[in-house]
């Protein structure tokens, strides 16, 4: 078993990492680290709020063996005591601490700190695992024994996966998207106000659209020896927040290079990623994309758990009336599973087996 | 005071017509008609369900003087006993009964039955009142003393209003829209299931997108002597249902003919429709469009009541990164006020004063 | 494997029975029956609505092998082709058909049709399994080879379980309860209106309070040779509906015969039902009652799935200031698991093993 | 016009005070004060958050003339520059500052700081205005020219009003209540988390039950020369939070001294408080209590605005099966109108006219 530390363990992403790493066949959580405020307490006590209530937010119960781990101070954490680090820190702190850890130890990160570095890929299972090769360049250039491998922004995880088979088969010219994002994406400290999100929609998420308009091109880009050349298509995004717990839905309009029928796109999506799922990584779903013919689907509450929260569900595939070559659809991905902790763990699985070759 | 009958009075649109016509300075509700099942009962009793509860769904109280009106059978209703008919019937029944009424009496309708007839305009206050002239052709051609004047689909009311100043100032090439529609748009008999609409989004509304992709062009079209030539731009729509009570939000991406900055579009929208609001019709708002600079607005719950539910709120105006000339924004309209009963009443006000010249 | 038929298979309770019986170690679903309207179609097709959407409402996927079973007409169903019948019919139809089936075959029922018959127990696992003996009297008196064993009303499942250890240890004088009931309790045909249940509470559920004020006394009553003498305490109930998907919460105030401290009640509840759970029935939870010390719990969304939806969670145990001997608390039970299909299946498990002795 | 200052002006209660005092016939807001952080900014700017969005949370628009008032530092505010102070501060700060202000100026307060002082009444319009006389004692004893008059806890406003006609006509022995409280009661800084309040109930509100179990007795108590002797009945309360925006619903079980039928209680409630409403105070409703016969009412969303948010709606009046003499019902009050700012303003109206005799 590989020893893994979760840094940023008390936040919601850290908690989800705990849930998804408990009973994992390859990884064992041996260390938890967080801010100084939590350091020196058992994990269980670090989660207690002033009213004696626990800020453990996952529906799954907090595992006994985790509850009693003593939380360490992230800024003083010794990365050499574990094989791998799962970083769920805020971007600002991640920027500072992840490079320290990476000097000796591989870091899988849900933070955005390194996403836009030229020598760093944004990895999504089944989509761009060839870009893993860039990590060797990152290690060499920075003189690290470890590396930092960040996951993508949660909003575009599902969208980018759905675009990959379109790009491969029909080419991409432009994408217009409106997201209807779940509230869990805003975190829990304190997260969104109930008074704002009751029978309401908020048509803006600070900082989200610039990420949505640039990350997919990098993820779907061309690997060179020392960087990634972004794919050559444009995205226009409007990101909204809707009163849904989990599951980001994206209304998508795509102009393609070549003609495509809904049936062809369905076929391309359905057959997508079979080599990757054939690797049978512990966190991988049976199907990376599932296409539904029910016109009323996908719905966040009904479809977000498909494939253990790791499948993207695409529905409403139909010809776009504007573009000579085009398609429109909605896609749904579980933002705190595929789009966060579990997606990052899937990447960790791939890296330890096929890049680090520890298994 | 002009005598007005509400036909389809027991449904939610009929109820909203009652609320908006109560204490109206020009109209007095003298007759209520509905299906045979309700006929012969007082309105109050016709609303009682099996459990002794009232199916009066408006937050406003049912006016005393309306409660005791005896409901008549719509299929046997004598249109000559009133000056004007407000039709809130289902499309299928409207198709059959509205022409009968129109032989003698003007009909303002919220049903879709006549919207797509070549000799019939779809009127929206401040947008296309010049098309009122087509009603004369309708009357003459069909040999009617009255007429049928339908309102637009509720989804595109706000969108179409927001597009009008863009069309006038910058020209329109294409529009991509994703609607986030309120639940009240699905009516109340029985309407949407609470189990479907709790922390969920339904990415499809049967029959909505074809209307959204064609009505705006007719409304914004060119009047000729005997019909309307649709405006020459295309729309691609995805319509979704969100857990909001009232207020349809539309995420809108527009390619224009000419260059336009967000500031120019804001100026065009803000100054739009001043001649119409200057008419001071009882149901008109102070501003047809209100533009907000708060990036988190418009929000359905906070902004739907602007201008008494008759103003369209536009926010998030910004350059679209895809189109050489383009703009993107979100717009919000109250679907059961501007988009239904109150919008139709505003049209009625215009027609009695400036077309029928009864006032 | 015992062959089981689900009658009333297309409704929500029938669907939940399918989910809970799929992969059951003892039972195999061999037949599905429903109203004439569904008969002759595959189950999958019987669920299709007019829009091509499936009325399969469970989050779990419809099992392949069930999807293709041909639905039979409940009124003509031959009960002898199965070992056991799970009845999820409406009370009125159940009243007519359950006796027919029971002539030859045991019927486990979620309907209320037989609950108040003098010769029929209302069985809840761990609470009153001694009352199973009354079924022999029912069979003999009615000349049935089978029997009808109904489950309790979903509202009082959790309450009654929580009262049993109090009754056993401290005696019961009176109970005042206010329920906050989930929307799934109202079914799905069409169930509650989304417009009624959005940011709202409905302080009445037709027909619920009389059941809540009488069923617990029967369930907790004294078995005689031919009937059950209700336990001698009174209940006053107010039943309300809240915007929660699943999980009925009951605010409970209890006057006891003998003094009791919160600690004593907690101990009595925590140790309750160990002989029953020791039977290890497939649907039984590890703990019939779980007591939480977190003052903010139990919460429906966080606690309803405890014990696979079969545990009752009790919280906020504290002295009642009114009664010399008294206790107050809130309890939560999953209304569509413990309170409906899965609770009935647990009863079926007990009956086939310990009453019918088929296993 | 009397000059009034709002202290604690930036919080939600302060905002509601602004809304309810704008266009008031007797009062004019001349000063706004808040914490040091807001001092020296215009009110409008003090409300801006880091994202450029306004933390003005009322559905009504922020009045122009208020927006530009310069906010003062509450701790340095000179109370002599106004006739009256409306205090919407947190309890802790109120404890410190209200006595300072009261040395010269009357203070109407929504804070709990002075509620439990022996020389201070908790005033509710129509219920205990005779207790106003105690303010003279407070002034004399403390050597104040002004006074502090606090409003009651929002949860028990409606309950206490509903109990008053029962106490007067039938006597009170004990009350068992379960509240279903709206989210706005938790304030906005930051208030409740949307993730906690979505399709969920939280069965505990810190600090609420002790208030609910003691304030009503003081409000309904006997005035003596220097204090109030609490009414002699007991209350047992469980307070829960439900996903409702505004409107606290209380499920109430009452044991009375004398027999009472639902009809008698309805008559007592309906005729209650007519002398008070006859005073025609600007904020008073036509009826202090409205009794509904619709079994499904009152509902928070439908009934909270009755009487401009100042009427209590009582429904489901019926015999309680437990008590020889008893009644049960649900009552609803608008927690941020009757239960907070507007209720306090009504008290202010009474005081300036009938105690201070300034009008």
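Note that the chains are named A, B, C and D in the order they appear, and that numbering of residues resets to 1 at the start of each chain.
Simple rule for what comes next: contacts are C-beta pairs under 8 Å (C-beta built on N, C-alpha and C of every residue); 3 or more make two chains touch, one makes a residue touch a chain.
Keep in mind that this is a model prediction, so the values were computed, not measured.
Between the chain pairs A-D and A-C, more C-beta pairs are in contact across A-D. Of all chains, the one whose Cα centroid sits at the greatest distance from that of chain C is B.
Taking each chain's centre as the average of its CA atoms, chain A and chain D sit 47 Å apart.
Distance between chain C and chain D, defined via averaged C-alpha coordinates, is recorded as 42 Å. For the pair chain A and chain C, the distance between C-alpha centroids works out to 40 Å. Residue positions of chain C touching 2 or more other chains: 51, 196, 198-199, 206, 243, 245, 295-297, 301-302. By the touch rule above, chain B contacts chain C in their complex via residues 51, 57, 183-184, 188, 190-199, 206, 243, 245.
Remark: chain B residues 51-54, 59, 198-199, 294-297, 301-302, 305 touch chain D in the complex.
By the touch rule above, chain A contacts chain B in their complex via residues 174, 176, 178, 180, 196, 198-204, 206, 213, 234-236, 238, 240, 242-245, 249, 251, 253, 295-302, 315-316, 320-322, 328, 330.
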